[in-house]
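Shared between the two complexes below is subunit A, which has subunit B as its partner in the first and subunit C in the second.
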Partner chain A sequence: MSFMQPIPVKYACSCGILNPINKLFFCRHCPKLRCGYCVCHEIESHFCSNCLENIPSSEARHKKNCCANCFDCPCCQHTLSARATTVAVVRKPDEAKDKEAQSGAGGESGSTTPLKPSSVPATKKMYYLSCLSCRWTTRDVGIPDQGVATGTWPDNECLYQLRFNSLLEYYQSVVLQEKQDRQEFLRRKSPKQHKFPSLTDRTGLTVSLIRRQIGWNEKTLPKSKPISISPTEATADVEQLPPDIFTEPLNLRQVTTIAQRLSQPRDQPTAVGNLYPQRRSLWIKRSLRCRQCEHNLIKPEFHPTSIKYRIQLFASHHVPEVVMVRCEQPLKSGQKNAIVVKITNPTMYDMTIRILDALPEEEEQLTTEMLQQACKIKEEAVTSSPLLRAAGITLTRQNSTREIKREVNELSNTLIEPLESEFVLSQRDDSKEFDEDIQARSEIEEPKFIVWRKGNKVLLRLQFTPEATSKISDEVVLSFYMQYTYVNTVANTTEKKEPTTQALYSRLFIQAGAIEKE
Partner chain B sequence: MPTENSIKIMPKAVVCEETNLRGDIIFSSGCVVHPSATIVAEAGPIIIGENCIIEEYATIAHRLIEGANWDSSNILSIGTHNVFEVGCTVEATKIGDKNVFESKSYVGPGVTVTSGCVVGAGIQMRTAQVMPENTIVYGKDALQREAIDKQGSQTLQIDFLRKVLPNYHHLRKPNYDPKKPRSVV
Partner chain C sequence: MPLYETVMQEKPPIVLDIGHAYTKLGFAAETCPRKIIPTKLVLTTTGQSKRLFDYERNEELHDQMVDFLQMIFFKHLLVSPKERKFVILENVFGQTVIRETLARVLFVHFDVSSVLFVPSHLMALSTLAAPTAVVVDIGYNETSIMPIFSGVQIMTAFKDQSYGGRAIHEEIKRQLLREGIIEGDDVALLTEIVLEDIKIRTCFVTTFERAQARLNTDGEQPTPPPSVDYAICDSNKVIQIPGLLRETVYELMFEETRERDSLPHLILRSILDCTMDVRRALVEGIFLIGGGSMVMGLVARLKQELQHLLQHDEIYKDRFHGALEFKFFPSICKQNYSLWLGGSLCGATDLIQMRSLAKEAYLKNEHVPDWSNLCDNNRHAGS
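Right, the complex of A and B next:
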């Protein structure tokens, strides 16, 4: 893991965007690197990040993606917490009833009155919401304390609520009507092919005919007419400003900030007295899907409290990780230099790694072909798979933005010397981490460029020359291809079941630093 | 600054021995001072009101302005029911009642803290100003707002500390009783 921020080593994703390895995914089926831009994001589950309650998606939609129990502070957007206070309740029979009426949703105090009518002070727990960050409380805006900690907090109804509701209703019915019209149109355009045409044809009975004969009305639903709403009218008459706005000094503490207004979008209050606790927005768990082969790359466990994954194809678990260690000399333009990088094999299989300065020609052709093919596959996939067709609109749009092959050549401004030979990086073995002695491999003659080796890690010395034209304080970027053998345990074809070894290429960019002064 | 410290502790105040006290300081009854709190009365005496809590690593300082000398009439008076949370530094000129100085906050010289104010965690108040009553300063942008009611008193916390602190720390003995004319306890 590199602790340098920003991380100087970047991998080119198959879509051409540069990313550090910890932001990349690896599709084992393709097998290719994928980044957040070239995968399909799907909502796995909704949950509240405060109470960690899982909420089904239909319920989440019904509740407008808000948690039913948790509130955010309208003042500082922190989470509110319920605080309990004990209120002394004097239990005289008639007085208790008064108290009950005052406190609104009281609850238990009114029902227990077998006590003596004498004024025995009893306590009762009342709850209010308080912000631990800015000490805002529900008492500040006059929301009465509640007898129950959750569930009974009133929703603040804003002035336009009725209008909102009627508009919502109207547009829902408009959508419904359009849908019906479309179906009607389709039905009329292409007469529905009956599954068993012979049966009804023989008897000459159709469903609608039978229904009419036995006196039922037509099966088709009566057309729903959208309820009429009164359109909003623009008016030129604006109320005059109140006169005291010019005379009274402005108290900025009574005016809400932009963030406070936007966090309460329904009425966007201008005075702090109108801030009400806001229901907390839900969070989602996301699953990521490769767009090319439609396999899941990331699938989290369903339960909100779990941070584990059911499927996790992070690139750092499959692709050798490259970390920049140091440059041997100060960076000077046109001067030969060497960089030491550390390569780690994260897989359970030995890897053969080559460092190349360019992609072999046939491979290059292959990748462009593959890319074109991939585009085609995806077009088909979108139209063929029913699941994706349902979400077709969004997907096709995403596709069209994606498949531009980004050229990243111009980023590099160094000449790199490819390593003369390939080398083997042994598998990951957690127990070897604790071995003190250097293993037997060191007896074999190591290639010259290997500086150090232990277990699945190796330090390499790569020679490079920054371009002679680069000026002082220009960023030096190294670029090379890393070819590595990857043992794929998933079978791409049905007939072959044993793991296959593939030679994969990754393009890497290392920001080595800036050219130094002479 | 006088060469000798004069520290008066009223009865029922709990002042730990490992505190760092310098100058002329009066603790009213009911105060709780945790170990390794620092109170420096350089410019003049400090009078701390009833039921204040001064937590660990809190610093209350009455600093000398350059060129000035110890002046026994230049009193830093701190009101009642104030809470100085862990690691705060308070050099205010005057402090009222029921204020809370949250952890790691800093209140510089020249600031007058009235009553019911809260200086949020990590907030730095450096300009000379008068904080109006019930001001709450919070967040990383040090936004201010006005609370409707004063902060609740910490009676439960004080009672608990008064019970627990003597079990684990050596205390300074109360040495001054206002009821008795001769200050011998």
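Right, the complex of A and C next:
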């Protein structure tokens, strides 16, 4: 696996986007490749990335997605840490007097040596927040030290909260009145026509009369009047430029940057002295869900400290992994060449693999049909065939999310020679990894395209010809279809319990490199 | 109804104001946006950082929008967009393709339940509870002016010009190059981020008197403010930003041209495009919003310029009568999120149920109703 560099082998996801295998997922129920774009992301749990505490979603919502204990530095956005200092406590007068009396009783030396071995030093632990990255502390901006490390740090208040509340109330009442007016208008415009004449209509016993007899109040709600609000007054005297701006040198250290301002969206202070520690934003764990069948593809473990998954359907655990090894000759346009690729079977079952240059016809028809079907609005999906009906049911359950699929971008500029026969790739067996002996398969005649084979890995030689029209330093892209048998252990239907074997197709693109000079 | 309201309270609508430079995001009925983030995204395919509205093909915009919104939902707001209600602040004269793409991404990709598109100038005014004002939005890409009378936007009097944050950045760069402070390969150091930092930390709008004195090239020039030594971030270079630059970069908003399209001219022309009865009310209520209006000294300068034009310019002298004094509305919050705050107020009312574009309605014909489209806006067609 190539590390820290672009991966030359890309798989076409079922949605049409190319991705390396480590970014793909495999839905066992569909069974298809999925990528981050075509799955549904969901929020699994909230946690603080600093204290790694799990925070329930209702609490997170209440706390505005901020951690209650952790703060970010307003200066450099690093995490602040609480530091403890010991402060001498100023004693209350009577306490001090007591001490004085004690020291007076002790002897004259009390005034010269205030700390006697018997007296406990009157100190208290106080905390302040400090940034270990830029050395900013809460003392810089005059926030008093706190007696407890967490929980008591003041939040700066919203200055216009009251005004905002009255505005909110005002608009809510305005809209409510508009709504009532409209309902009233509609009621008058089209009087209710009942299919059957009501009994009360004949007897003259109207609803309002009955209500009054029972002693209920009138059904019609009292019309709400919008609350009056005093609009903001425009003023003619506006803020003038401070005159010393033309003479005083500007100290950039005192002026905040845009990132510092925006980290405090409400105040956006321009002076460094007004920066306040900001509560740290929470992070989330995501789970991924297939849009087609609504099964989970990825579900992380709940606890924030765990990096494991409860459900993990990464493509690299199910789809044979193709790694490019080398090209046999320098790449030249129009010249026959061969590429060596390594294919690994990650599953616990033997796979039969074929390399094709195009999809077999019926399969192609199926995919285009599916593409068309996906593009159509799936309202009349339910048809007579039971299989399709089952599909229809899943479609209705899945309520929309009909992401429009796109055709795979045709990048290939080479002619590839499909392999003449299929071959079997044996299952993954971790114990075989360490076997040194020659494998048992050697007596069987190997097809000649196989270069090397060990366990679940095989090296293949694929012949291809770059297009004659491609120029020097053009990127050579190979494209082929890989058909592989996949043993699906998930029972799609209730009748069948035993694993089924399916032949699946993946389209792959390999960036072999650039055309070299003659 | 009460049950429904509790459901509503549990899931407040998401309010988004996607600007060209910064995106303001948060929840309805809150007093400030949760985050203000640059409208940039990291492409999942190549890993490079890019502005959202830099695109060539529409599919590119679609993919970028998906990536960008994905980041907003899962990195900043931390809510699932599924079955949510949305309030989107939009420019009345914004591009149709952006609005259609946004709707498609929200409804089809993210499966949201409803989207309420609200006109941004009107929403900004709602934070004042005042019915009449000239709303001047100084953004990154452009400055736009919309007079509003009694809560109705006077569309015919809408004006916009291309000077905004971007133009100021270019002016700073031009002046630095002209003065020879930055030479040769160092131009690459002047990224948008650096220019923006220089702008907001050192520059201001000078006073009317000093600007007039500067225009008079023969007379005595006022002494420029002190220069500033500025260390460029992520490099060892320290440049000296001349005082003249600090004082004069914003002059491009006030430059007198034949086109009469400087900011004060634009405001006056916009007011003149309204009927005579409403002009006085508009003159006495100018509301500056947008990140560009937060610069020091802008309001004072604008007021003096407007008063000066009213008294000395031939055209305006003939058309404005009586003693007029320009008045400015103080914003209740920082101006760069006034729009968002209006959206937050709007999203907290029942309008979100009455006027929203629901998913079912959208999916029926995959189209967002638009006032400029006669298929939707057929009130005058007599139907």
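Here are some notes:
Operating definition for what follows: the second predicted complex is superposed on the first by the 369 of 518 C-alpha atoms of A that agree within 3 Å, B and C clash if a C-alpha of one lies under 4 Å from a C-alpha of the other, contacts with A are read in each partner's own complex, and residues count from 1 in each chain.
The rule is short, and it goes like this: a residue touches a chain if its C-beta (ideal position, glycine included) is under 8 Å from a C-beta of that chain, and two chains touch if they have at least 3 such contacts.
Everything quoted here is computed from the prediction, not taken from an experiment.
Applying the stated contact rule after C-alpha superposition, one finds that A:S133 touches subunit B and leaves subunit C untouched. Once the two complexes are laid over each other on the shared chain, residue contacts for A:R253 go to subunit B alone; subunit C is not touched. Put simply, more of the residues of subunit A are touched by C, taking subunit B and subunit C as the two choices. When both complexes are overlaid on chain A, the residue A:C76 reaches subunit B alone and has no touch with subunit C. Of the two partner chains, subunit C is the only one that A:Q161 touches; subunit B does not reach it.
Once the two complexes are overlaid on the shared chain, A:F434 sits clear of subunit B and of subunit C alike.
In the superposition on chain A, the residues of subunit A touched by subunit B in one structure and by subunit C in the other are 257.
Those residues of subunit B whose C-beta lies close enough to touch subunit A in the complex are 118, 120, 136, 138-139, 143-149, 151. The residues of subunit C lying in touch with subunit A in their complex are 10, 22, 24, 29-37, 44-45, 59, 66, 70, 73-74, 76-80, 82, 107-109, 111, 126-131, 133, 196-197, 200-202, 204-207, 210, 222-226, 228-230, 246-247, 284-287, 294, 296-297, 299-301, 303, 325-330, 332-334, 336-337, 341, 345-346, 348-351, 354, 359, 363. In the complex of the two chains, the subunit A residues touching subunit C come out as 17, 36-37, 40-43, 46, 60-61, 64-65, 158, 160-161, 163-164, 167-168, 170-172, 174-176, 178-179, 229-232, 234-236, 238-242, 245-250, 252, 255-258, 261-262, 265-268, 281-282, 284, 286, 377, 399-404, 406. Against subunit B, the residues of subunit A that register as touching in their complex are 75-76, 133-136, 139-140, 253-254, 257, 272.
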